[in-house]
Every structure is written in C-alpha cells, then in structure tokens.
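These are the structures in question, set out in turn.
What follows is a pair of complexes built around subunit A, which joins subunit B in one and subunit C in the other.
Showing the complex of A and B:
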C-alpha cells in the first residue's frame, strides 16, 4: 500500500447514494442506515468503520438486498457498474428476482463474521460450495467439483478433495473462514463484501485471512468492501475509509489521510483510543465518553454531539451537518468545517 | 454410524427388558396368585376345583418357584409366543390379542404419518408467514385441537359422518369383513375405517408439532447460515427447504418418540368410544376384570411398541443429522 492504487481513479464499481434502510419495529422506526454515500473502486478496498450498531453491516446487506424483516430499504440508489461498463441501479431489481439473485453470489459475493455458524452443519462443505457454482456457472458436475477443489487449495486448505466430503464441524474457525472465502470467490465476483470476516478469529489467524484476501484481490482484480470496527485491520487492508456513526457517514477519504489527519472529532477520538507502542504502559487509555445512543433516542442535530469534544452549543444540537469536501480527498460531516 | 446403531440396539434391549420386569411385577401385584383368583371365579360359577388340581396348576405355571425363576419361565414362554391364558375371555391371550396387535400398530403408524404430513407443512407455513392470517388460523385450530378431548371429537365426528354420509365410522371393519380373508375390498374397508380414528388420535400431536415446528423454524430462520445461503443467490423457497427446515425437523423427529406413548395410551379411550378392535380396548376390559395375564401382555407390548418406535426415530434422526451420526467416529 505504498502507492495509491490505480483503481481509485477509475469509475466506481459500486456507488451507494442516499441509502436509507429502516427497521419497522413495534416500538417505532429505527433508521439503521440514514442517507449513506460512498463509492467502491475496482481492484481497491473500501473500509467501513464504526462501532456496533452504527449500521455498517446493514449497509452491506442492503447492497445485496438481504436485509431481514422488519428491515426495509426505503430510499437511495445502489449503482453497480457491470464488467461491460453498463451501470444498473440494483434497487430497481426486486429482492427475489432472477436479476438480483444473479448478482448475489455471482457478481457480488459476501463473507461473514462468524464462520462457525455461517455454514449449515447438516450439509457437507462440498454440497454448499457446489450450490454457488451450480447457480452461477454452466459447468458440469465433475467440473464444478474440480473447480471447488482448486479453490480450496488456493485458499490454503490441505487435503481439499477429502475436505469436500466433510461436514463444517470438522473444520477449525480459520479453516472455515478460508472455506467461506473459497465459496465466495469461486464464481469470480467483481466485488467481495467482507462483513467483519476476522472478528471471530484469533490475531494470528486474522493476519493470515487478511493476507489471503489481499492475495485474492490482486490475483482476481476484485474490489472489496470491508466492514470492521477494528482500525488496525483497516490500516492493514483498506485503500479508502468511510466512518459511520448512527447510520450516517461522518467522514470518508483515503486511508492515509484518515490516519494522518482525521478530520471529524469522532475519527480523532477513535484513533486516540487505540493503544500505541509509544505510550507508557501505566497510562490510562483515553476513551470516548458516553455510549452510543439508542437508535430510537437519536440526539437532535449531529448525533455525535453529546459525546463530542468540540461540541458547540446552539449549533451541533440544532442542525444536522452535511457531508462536505474539506480538501481534494476527504469529506467530513461536521460543523467545524462548514461555512457558517 | 455402526457404533451408533449398535449402542442404540443395546439401549433398546435394556429398555425392553426393564419393561418386561415391570409388566411381570404388575402381573404379580394382586394378593395371592392367579390360581387363587381362578379358583375363586370357578367357585363363583359353581365349579369346584380340587386342591390337587390347583396344585398341579401351580406346578404348571411354576408358582412354587422363586420369583426370578418365575420371571425367567414367563419370559421364555413369552418369547416362544405363549402369552398365558385370559380368564376374562376364556381363551389364550395370544388368540385374544391376535389381530388387535396389528390393528394397534396400524392405528399408531397411521397417526404418526398423519401428524407429520399435516403438522410439518402447516408449521413451515406458520413460521415463514409469521403473524399472517394463515398463521393465526393455524394457531387457532392448533389450540382447539389441543384443548378438546379426543373422545368428544370422536363422538361428534362419528355422528356427523353417519348423519351426512350414512357411513358407520366405528369399529375398524364392516360386519361382513371382520372374519373374511384378506382381499383388496377388505383392505379398502379397513382404510376407510382407519381415517377417523387416525385423524382424531393425531389431532393433539398435530397441534403440538405445528407449534414446535413453527417455533424451531422461527429460530433457525434467524441463523447466520440462512444469510449465507441468501447471499449465494438461492431463491427464498430453496433456502428455507434446504437449510432451516432440515434443522427444524430434528426436534420434530425426536418429539415423535415422545408423542408415541400418548398415541398408544390415547388409543385406549378412543378404542372404547369408537369400539375399535385394538389392544387398548382389551386392556381396559382386562384391567376391570383383573385379568392379569392379558393386562400384563398388553402393558408389555405397549411398552415394546413405544421402544421400537423410539428406536426407529433415533435411526431416522441419525440419518438426517450428520452431527449425531458421526459423533462416535
């Protein structure tokens, strides 16, 4: 990641505009995703960061239209640029339509947070990977089997032929995440959505999985949308970062600018709460005061204002800041940067 | 799989042995031995039985032996098919039970089949369309089925069927076919007679299984593997039938073993009300008459049928769930 990837200048492969996904619960409407904008460029990695409950996973599921009830996408566009150059708004497709199902697992694959529960324990691994190939390729049975075995070998699983006939409970967590990557990759998707794929794994396995994803990206020229709450992982894998707080984007820009000059007070607070090698071990780690508000009790104005170090009374608690460009690369939604 | 199978067979044999001991104890519970009872009944009808004859009867049935020898002899005779003599019917127990054992098995198997074919689809529908009008209707009838006693439904239904179609839904055979040799016509007649008791016997179990299928499936539908399947591009119907339904069926299968004793004991009252020739009806008569050999045999067979049913459901469970099948290897 020493230089800027060429893909960042290309037309985005996925462009999310004003996405709003709401949950219609008995207690009221929860605006889990509330006007989110970001682009994913071909061959690069966009990282979405945020605390639990900020809407990052729902954003990812919204792209594939697999948000569970009572969640529903109520507004926005998800523009997907096909290999042919044609751009389609995925939200024009019905969730259950053949067009949308061809995208799911075909053009855009997804891997998940808990590899142990993300497979069916009642079906062999071979059965589950074959399903993806059967849906998205025209290969014959034996060809599909060989291809699946090939992918298992590529993600670094020993004895792939034997593994095809085994049930998921015989795999370790790291192996299952590798297997899930193989299952997502075998259809040659143009975009991989990775929803906290390393969260449930120990640190050594995490590093291996991140390496694997980067290798897969290079070999297949694939875009990755990487969702995590772990800034360390972001610095490792992302080219660009989008920071979310309570369903909204608060900052976005290239990963270097994000770490060198975080603009939003929330981004700054997040970074100061990471332990550093240079602070003394006795020092107490700064943390962001307060906790995430309940989504039904959204603070007025900027949702972050009750926890913000730079809170300006009469401004932040009154109006909602817009996402504005502060320089060529970075966008921030904060009154500190708005002309008043 | 082999280890699993062998272990289950051993468990089943142990359970069957335990049931046989209990049956034997029950047979021997009444005061005095049954020869005393026999003499008393004979005396009441005016027949005099000499002490010699009584003694030879005691000798024949081994009543002078220690208890465990008696048990061993009784068990040996059972395994050879000699079930003893029913004083109430004045015929060997084997003759009395005969066809009725088969009728009971038919009725029980029919009820389980009915429960599965009705409860599983309705349960799936109720879970997938949670809180839809169809779900509420299924729930309503489910609780109705649980709440109304079988014998009441049986009487009402038998009357309604007779009143509207003129078909007498009691008994399992029409008068002409009872002793007739087996023929297609007799099987058809039996099938027609089986419908009502099977449905009634199955209502409570159906209601239970609908609720259980629904609850399990609702849990499973939220599991991450469903999201994985969805992200692959399967249709919603393919996803539901292949993954969560498979998971949700496990408890349904194991619960069948749990429901089985209720079906067999439930058939006692139902058999009495609808006059069905099952071992349940014989059982009630044997109990009221203190006919120990007959009631002992019925208890023994009811118990064994339940164990065999449970064994079958265990095998079925191992067949559908690799986690159970492979735990030993």
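Showing the complex of A and C:
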C-alpha cells in the first residue's frame, strides 16, 4: 500500500450532499442524479467512475450550476469551503449571481471532454484566455498577457507568444486540451473539475495530460474531481473513487481498496470484464450481461439488479439499497452488505 | 516463432499479402482545385495476414491504420502497391489491379464491421432488411431462404430472431454492433476488416462483443484485420500486431513480444503510455515529447526521429527499412539491435 496523501485527513474543500438533478422532459422526469454524496479533499484527486447515463457529468455541471434546461437541481447541498475556512452552500447562490460567477472559473475551474468543441472558433486563443483573467483577476492588460503566455509555456505549448494570436483550429487535439488546462489553471483555482479530459485523445497524449495534471496539483495543492469511464486512468491518477450507476453512488472509498477489494458487484464486474495489458492474449473475459437501461425505464429496486451476478429475488428488485459503511474506509449500496 | 513456420510451409497459409501499399491524398486549394501537396497517409507498408489469425493495426490517430483497411477493401483507390488475396480456389489475386466490377464477387469474401453502431445502420430499414441486403445485392436465395438465413445469423450473434422486424432504434449499442456483425457474416466472408468495432461501446458491453468475435472466429474459421487505438483490446484479441507511425510500420510482433520486449522506441513509448491496471503499478511514465509528425510534411529520415531519445545522425537522413531482426521479428529502426527498451 502506498501512503495516504495528507490532504485526505483535511477538511473537504467540496462536500456534495444528497444532490438530485432531474430532467423534466416531455416523456417524463429523468432522475439523472438521484441522491449523490461525496467529498473532495484539498491536494487530492477524487475519481468519479461510471458509464454513459450514470450522471457523472451532470453531477459535475451541478456543482458549477451549468446544467442545461430541461435539467434542474431539485435538492441537495454543495458545500464549498473557501480559503478563509468559511463554508458556503453554492446552491444558495443563483446561477447567474455575482457570487456564483466569481466561483465558476475562479475558485472552481472545469475542463471538458472535447477540446475541439470547447473553444470558440471565432476568437483567437489569447482573447479567450484573457476573458477568464479579466473576469477573475484585477491585472492590467499586459500583465494578463504575460501570465497567459507563462501558463501556455508551463503546459508545454511551443511558441506561446505567437500562439496567443492564433485561432483554435491551428492547435492539435492534445495542444487544445493543454491550452484548456492553461485557461482553467491561470486563475489559480482551488478545485479543478476534469470531465473525461483524455477520452478523445491518443494514449501517448493522454499520458502527457495526466502527467501535467499531477504536476499542477503538486505545485498548487489543488483538489481535482476527475470524471471518467476508464478504470486505467483512475488507477493512475485517483486517490479516492466514487462509482456511479444510473444516477446513484454504488460504492466509494480509497483507490487501493477499490482495486484490491471492490465491494459492489458492479465494481467487481467492471474490473474483471475490462481487458488490460496484463491479461493474457486470446483469453475470454467474463462479461456483464445486458446493457445499461435507458434512464426512462429505470429498473425497480436496485437499478443494477437485472445485470447482477448476486441478484437476490424478492430483495434487490423490491427495495432500494442505502449507501452504508462496510469498514473504516469503504461505503457501498448493496443488499449483500446490509443487515436485515 | 510463427513467422518461421509459415516460411517453412508448415504453418497456416497466407490469406492476404500486402506489399508496398501506398495511399496518398492530394491537398487541393483555390478556385481551380490545384494540387498543392500530398498527405502521405500510407507510405509503403508491407505485411501479411494468415488464415484464421487476428492481425491488428495500432497507432495514434492519423497513423494510417484505417486508411490501410479501407484501401484493402478498395473503399479508397491505392496509389501503389499490391494487395494479394488468396481466393477460395487457392489462387492469389491482386485486389489493387481489379476494376470495381471485377472486385464485386471478391467483396463477398471481404466484409467490414464499422466503429459507430449508431450511424452504420440505416434507421429506416428493419433488422431483416439490414442483414439480408448483402444477400439481395449478390442475388442469393429466395425470400424465404433469406429469412431463414437472417434468423440463423441473429442466433449466431446471440440476438433473438423474433426481433428481425424491429428497427435499429430499439436496440442498445452492443446489440447494434452485433447486428453489424451479423450483416458482415451474411455472405460467409473469409476476411473481416473491423475498424474500431468496440470503441463506441460502453466498457461493460465491450467484453460481450470481443468474446463474440473470438467465438465466431473459432467456429467459422474467420480471419480478422482489426484496427484499433485501444491497446488493451488489441492485446486481448490479436495474434499479431502491426504498430504504425505516420503511415509507416514501426514494428510487427505478437502482443506479448511488443509489450514485454519492444524493439522500436515508438512501440516502447506507446506501451508505456497505457495506464496501469492497479495503482501500485504507478510508475514514472516514459512520456513522449512533442507532437505526431504531419503526414503532409513529414520529417526526413525516420519519421519518428524528432521525438526519439535514441536518434542519431543516420536517423535524420536515412529511412530505416522494415527488416527481420535476429530473433525473427520485424522492426524498422536503425538501432533496433543496440538499444535496450522496456515498456514498463
């Protein structure tokens, strides 16, 4: 076991409680995020793992209140601990209020999955990074320019001064992702939300970006909320893991416990069914039967029960399991672990 | 080694032999669409596929792996080179020389599975129409025979034949990919070209499709050319792997060889970039500096030299040929026999 990062014992910088974000569509209400709880500690990385439709991206967008209509946060608290030690519930701020805008992009920054579509094609890169600095710092124009150039150089973009005057189409995918990281980092945020930042990139570029994020974290003691479906990336970068399935947290705990002793049948099935460079060639992997249900037809009881190896009739399809502690560090929501 | 047995004539015979394949795309600019340059998407590559094996093409985006597969099936016109395909009667035909009319009967033996199961099935055709279309095009069977064949194919890919009147929207991503596989199998092909067949699927569904593809290979004696950027999937499904970099081959070997003892510095960097499956294996990664070379304006000599920690003056001017190294592996690196590499 490696030593635990010191930050895990510190007060969480973000604490999400009972978050519910629903989408009010013509076909009915989709409970995209349905009672989610987790903490993010300073200087550490919380990995949120899940597949399509599990609500991981909506959870991230809920923190910054950038959920698009018809989605709406209907319940919960997002407690943010400021540098001064004061804790505020971000959901008490209106999405468009000055307080929220100061936090969004200032204290808490976000980088997105598709670097190619996250920039405006009509403005130079320098213009776009300057906007973030104009909103969140009191620096003069030349100081902002120098700071932006400095950040571009730090994320490894060659000729940063020249690049400031270029449009995003001149950048490669990996460069754009690095530029987006520079833009998110230039305001010196205390929390970085990274939503699948490497999914669209090649493995070699992915390795560069993961290295960069880890270096930035060490330098700034920044907390990272890292959202991904890729367990390999989680094993490389996360200190703690929260696993989501159809809008709910099914398991959470430190990364080592998650890989050594996954508790929830979904976590276990995920780990055994994904090929890795260490499984032998031409081996048949145990596969998870069925597919992820459409959020409109959420199965009764535990949402994973139709695909679960440990399905118990009359229990799993009737009641919903609660997230309970199974030991000092791990929490799981599964009837296998509930006292009955 | 597998390579040796073939050359001695004992092993499985070669189904497809690609020799010196080249595919350039012209860059056209301006009002008169003048050609101002060429993108060297595939630049003189040679490899073979043996009957019953899975050969994978791997590399970063833009390395020419999909272009190679598409040139083989003649979706693109190869610029130069030979594509020798052994037909059922044992005769080797150069696919690159055939006219599109001559190509049509051969296409029965070469089928393709696509990446995106959401855009590769026509939403206005039901499953019966989608899977029976290749039979119809090639004029095979009566309508009731075709229906029986579709039902059989659906059972083969583990879908219920009762579903054949449903439309694609009623199926999940994994099920749609299996429909795509059933369509590819309809004509009893001998070689299947699969371009990123599991990349668009959720991770919990990927294993179902990979297992199905391996089972079908065993039961139907299929040969796969598998194109993917996901090295873990490639490792699981392949017998041999071709590593490509900017339109050229860096190295050919078994997945185990490439992972345990890479010979080309690019292979080592690629393998080292793959995330480790357990946090205790976190190590200092061998991170490649710089960007992938531009195939429209590639560097001189070995295309990898600007990013290679082992590059010498020779690498800057001389293109390394793909040669068989002492232990029977194929590598294109001037220094393959001198340098010690590890992927971990």
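The rule we apply is simple: the second predicted complex is superposed on the first by the 334 of 340 C-alpha atoms of A that agree within 3 Å, B and C clash if a C-alpha of one lies under 4 Å from a C-alpha of the other, contacts with A are read in each partner's own complex, and residues count from 1 in each chain.
As a working rule, a contact is a pair of C-beta atoms (placed from the backbone, for glycine too) under 8 Å apart; a residue touches a chain by one contact, two chains touch by 3 or more.
All values derive from a computational prediction rather than experimental measurement.
Because the two structures share subunit A, they can be overlaid on it, and in that overlay subunit B and subunit C fit beside each other without clashing.
Judged by the touch definition given at the top, the superposed model places A:64 against subunit B, while subunit C stays out of reach.
After overlaying the two complexes on the shared chain, residue contacts for A:110 are found with subunit B alone; subunit C is out of touch. After overlaying the two complexes on the shared chain, residue contacts for A:25 are found with neither subunit B nor subunit C. Which of subunit B and subunit C touches more residues of subunit A: that partner is C. Residue contacts after overlaying the shared chain place A:309 against neither subunit B nor subunit C.
Residue contacts after overlaying the shared chain place A:259 against subunit C, while subunit B stays out of touching range. Legend: residue contacts after superposition of the two complexes on their common chain; A:325 is shown touching neither subunit B nor subunit C. Once both structures are fitted on chain A, no C-alpha atom of subunit B lies closer than 7 Å to one of subunit C. Touched by subunit B in one complex and by subunit C in the other is not one residue of subunit A.
Partner subunit A is touched in their complex by these residues of subunit C: 60-61, 172-175, 202-208, 210-211, 214, 229, 231-233, 235-239, 254-256, 259, 269-282, 285, 287-288, 291-292.
Residues of subunit A touching subunit B in their complex: 61, 64, 66, 68, 96, 101-106, 109-110, 112-114, 117-124, 131-132, 135-136, 167, 169, 180, 183. The touching residues of subunit B, when paired with subunit A in their complex, are 222-225, 227-236, 242-243, 246-247, 320-323, 326. Those residues of subunit A that touch subunit C in the complex are listed here as 1-2, 51-52, 172-175, 202-208, 210-211, 229-233, 235-236, 238, 255-256, 259, 269-270, 273-289, 291-292, 307.
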